[in-house]
């Protein structure tokens, strides 16, 4: 299998399938942007892409390297402002957002700020950027990240961006918009959703050749498992051809 | 106003709009020729210890020439608005220019990776930080631009980003729902790179404005670097395009290729090779020191920096990259 | 949130952002051809009893064709946002279309005088009013556009305008100072006249935008009338100019001279003779009724109205006035 | 005297003198705009004019008929928005504003909303428009109006726009910006300022040929009088020539 596609290609192809046609998505650079562009070129030609710095619905000639570079508003419908983009998310106009992050816990909370003491951190990460804003305001949060015990932890030491926080009802209690929250997490091993009642992370499909034990080994907490665990359909030839030929010909992302 | 919850970290600036009003009342409204050099602008408007903000978006439409000059002037103990900052933050860390920062996005260069030196600085514990988000900082600037002491948003809620911020959770007087109140911030000075400006400081920006509309209005002093100067008639012919009116502006500096090594929309793309070189050289502090001497401290002007980076040939190449010819 | 003082009059619209979010979540984001006639737009999006807002500034860049159609459709019991309203308000009063109004500026036509009929309507006691200011209503739209339930300003304080409003005085959680909190307002529908739009509803406006950026974002439905349709490439060629993106828009109607008898910047000046005629005819209700039959109720289309007002000859004259030839 | 200039011309010329060069002013249409344009063409060429609908520093070819018409941003420095103009006033950037109004009281409070019961008014006026906003946010309020007992009342029945409200300290107590407030009132009879301690209206100069008794007759409350009452210098030939020839050649305002 490994010869047919690499794990980054797998993650991008699988993630792209969750973006519905005719919906709106706020994305960052890297894999999330690649997944959104791939969706546009396959099943979701009318997917509307927003970038936090102001770009709306660009016709991207190539992968942007920054969410504020000129590719993010090339032949766009509008080149606006951060204030306008975030306000649009706040009004409920943006259906999906696509995030990464250093660490994630069972409620889908993300840490991209620090590891160790905040005032003298062992590791300082960039912080929220626009991630907390998108995770608060967009309807459905998608996350792409590689699996690993140090990344998938019981409770993140610092909640940079909100998942379901401490569990059911916690987002609403905190003042976040009702009906919003983490939706799917796509890793190099599996796709996880969230259990309806408990809001805990739940394995929904295993990538080809991956066992549930393997996923559990790479996860730092007790994973719920869907009654209907499936095998993730592998990337199709068409997906791979478009991803390699049109979305990321320079292999900026899939070459990593 | 009943506060339900609040962050523990300090505000670095006074959120009182009446103190800002007093300053702005005294600011000149005269339409005078504000052209000067980077040196003069830094000398006059960017003293040690002041609170600085940079326009654009990290490595897109940034005023590189003035940031280099801040390093050469050895500015210290500044405050910084870490809003969508990437290469600008990397530069100021290289100069160890600040000791406090409002954080939304720092130490990273987006898809390019993380800055080893910026991480060393932020992990040293020598820089005081208060945590926010990109929208929270935009909202703080927006509130300042509106002349009020706070703004209302729905982000940060429920997270440690809130706990480590200086914001407060309040109850809406109309709906009883919880909202995030963020304090207005009037930076001492901001530096913004634009496409066109006249000698008075009326500015055009092509493409996304990011948060520069709010930033220019919130800042007590505004320094403009511009790809090109235009006659005032070009401004008055199409006043719809003016994003920053002259009375906000204190200095105008014409700097062609002024956003290099960053991207300038419709003009030239970012120099990814040079930005990659930064990340590589930063790994070893000694190597990095020599690198800084070669490209910044040992250089007398931005023009000379451009020369060292490949001069006009490189600029032509970046213009081609930006123009997307053949596409 | 501690309320120190508040207005006594009702809010006509729900200030809860989550109800607005629910509506906007269901609104289509599809880029479809939204062209239709004034009749269809009023039929589909402006029912009896809905809350209406009009873009532009009273007799400048107003969507006259749709307002005439609202009268011909005999719409009743509507709510209206009386924000910088002059001839638009005068028209809706002529049709007795609304029974409640948020007031910032009504019954007047600025330097032209006051509308006798609009005063009769407002002095009849049959219209429920809540008092605000121009900035307060702009701030209410701005808060709605930002998806929050209230905005903060420093006006209305200490006055009877505040007492007769629906606003509340609150204490800033950071400075302890008093500010005016105004509730967000999401109008059911707004109608905005622009210079150029494509068939999807991406819009350009030349000159001042007044409060239309905020209005288009706050409104649940947006009807655009445009001087001219342009190809989508004209939008994508210069996305910096887009003020209203397509996904906010529900209907696009091409109406040349659409702001007549009002002014359309860079296109044609207002017809002061015709506007003066309105004020004169309004003095006597019977005379006014005949006047309305002649110019609105007895007319089948906006084109026919233009003909009755002097047709192309008059339009050419107003273009000359606007262009300021010889100056 | 009446032959040399009419009372509107007198008011406009006198009012224009209070606008300093190099300052900013937010004005409405009619006499205030005429006064500002006259000031620009005489002693204050660098006066920066703001209009509430968005126009900043236009080169006006003729008197605007609306604060939102195309003359208010003809060859302007910026054609912006109401939000931006009001925010600029709120930040303290605008030195003067110039208002009219149906009624005014001794503290400079203005009524332009209703006479009689608010819910079934005897007379309904336009309301605040931007007047309350300017009167709240600009540093100095100038008012042009004709004198008369029914206009100059002890206490206006409805405070649309704030003067000194109930007296010293009242603006600050209400939350309005310190240091702002009514500055001068120019009528067809006199110029009035406000007494430093009491914040009450005070006669500062009488127009040529006008007696203090006449002003008192036309005022519905006890007027304070400055120790140094002067005679208002009449319009100069230059002021009249420019007002009639350049500012209002169509006599839109001075013809009233």
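Going by the order they are written in, the chains are A, B, C and D; count residues from 1 in each one.
The rule is simple: contacts are C-beta pairs under 8 Å (C-beta built on N, C-alpha and C of every residue); 3 or more make two chains touch, one makes a residue touch a chain.
Given the structure is predicted, the values throughout are model-derived calculations rather than measurements.
J.: Between A-B and A-C, flag the pair that has more C-beta pairs in contact.
T.: A-B
J.: Which chain has its C-alpha centre farthest away from the C-alpha centre of subunit B?
T.: Computed centres place D farthest from subunit B.
J.: Report the inter-chain centroid distance for subunit A and subunit B in whole angstrom, where each centroid is the mean of the CA atoms.
T.: Roughly 28 Å, centre to centre.
J.: Let me have the rounded angstrom distance from the C-alpha centre of subunit A over to the C-alpha centre of subunit D, please.
T.: About 58 Å, centre to centre.
J.: Roughly how far is subunit B from subunit D, centre to centre by C-alpha average, rounded to an integer in Å?
T.: So the centre of subunit B lies 40 Å away from the centre of subunit D.
J.: Considering subunit B alone, which of its residues make contact with at least two other chains?
T.: 17-18, 146-148, 153-154, 177, 179, 206-207, 239-240 - these are the residues of subunit B that touch more than one other chain.
J.: Residues touching two or more other chains, restricted to subunit D: which are they?
T.: 73, 79-80, 90, 137, 177
J.: Hey, how would you classify the chain contact layout here, line, ring, star, complete or other?
T.: Shape of the chain contacts: other, as it matches none of the listed patterns.
J.: All pairs of touching chains, please: list them by chain label.
T.: A-B, A-C, B-C, B-D, C-D
J.: With touch defined as at the start, can you tell me which subunit B residues reach subunit D in the complex?
T.: That would be residues 17-18, 20-25, 27-31, 144-148, 202, 217, 235-237, 239-240, 242, 245-247 of subunit B.
J.: Any idea which subunit A residues touch subunit C in the complex?
T.: Per the touch definition, subunit A meets subunit C at residues 22-24, 46, 48, 56-57, 59, 73, 75-80, 84, 87-93, 95, 137, 139, 177-179.
J.: Any idea which subunit C residues touch subunit D in the complex?
T.: 56-60, 82, 84, 86, 103-108, 110-112, 114, 119, 122-125, 129, 131-136, 138-139, 142, 153-161, 164, 169, 177-180, 207-211, 213-214, 263, 265-266, 269-270, 272, 322, 324, 327
J.: Which residues of subunit D touch subunit C in the complex?
T.: Going through subunit D, the ones touching subunit C are 28-30, 52-55, 61, 65-70, 72-74, 79-83, 86, 90, 109, 113, 118-133, 136-137, 158-162, 165, 170-171, 173-177, 252-253.
J.: Looking at the complex, which residues from subunit B come into contact with subunit C?
T.: My answer: residues 1-3, 11, 15-18, 143, 146-154, 168, 170-175, 177, 179, 181, 183, 205-207, 239-240.
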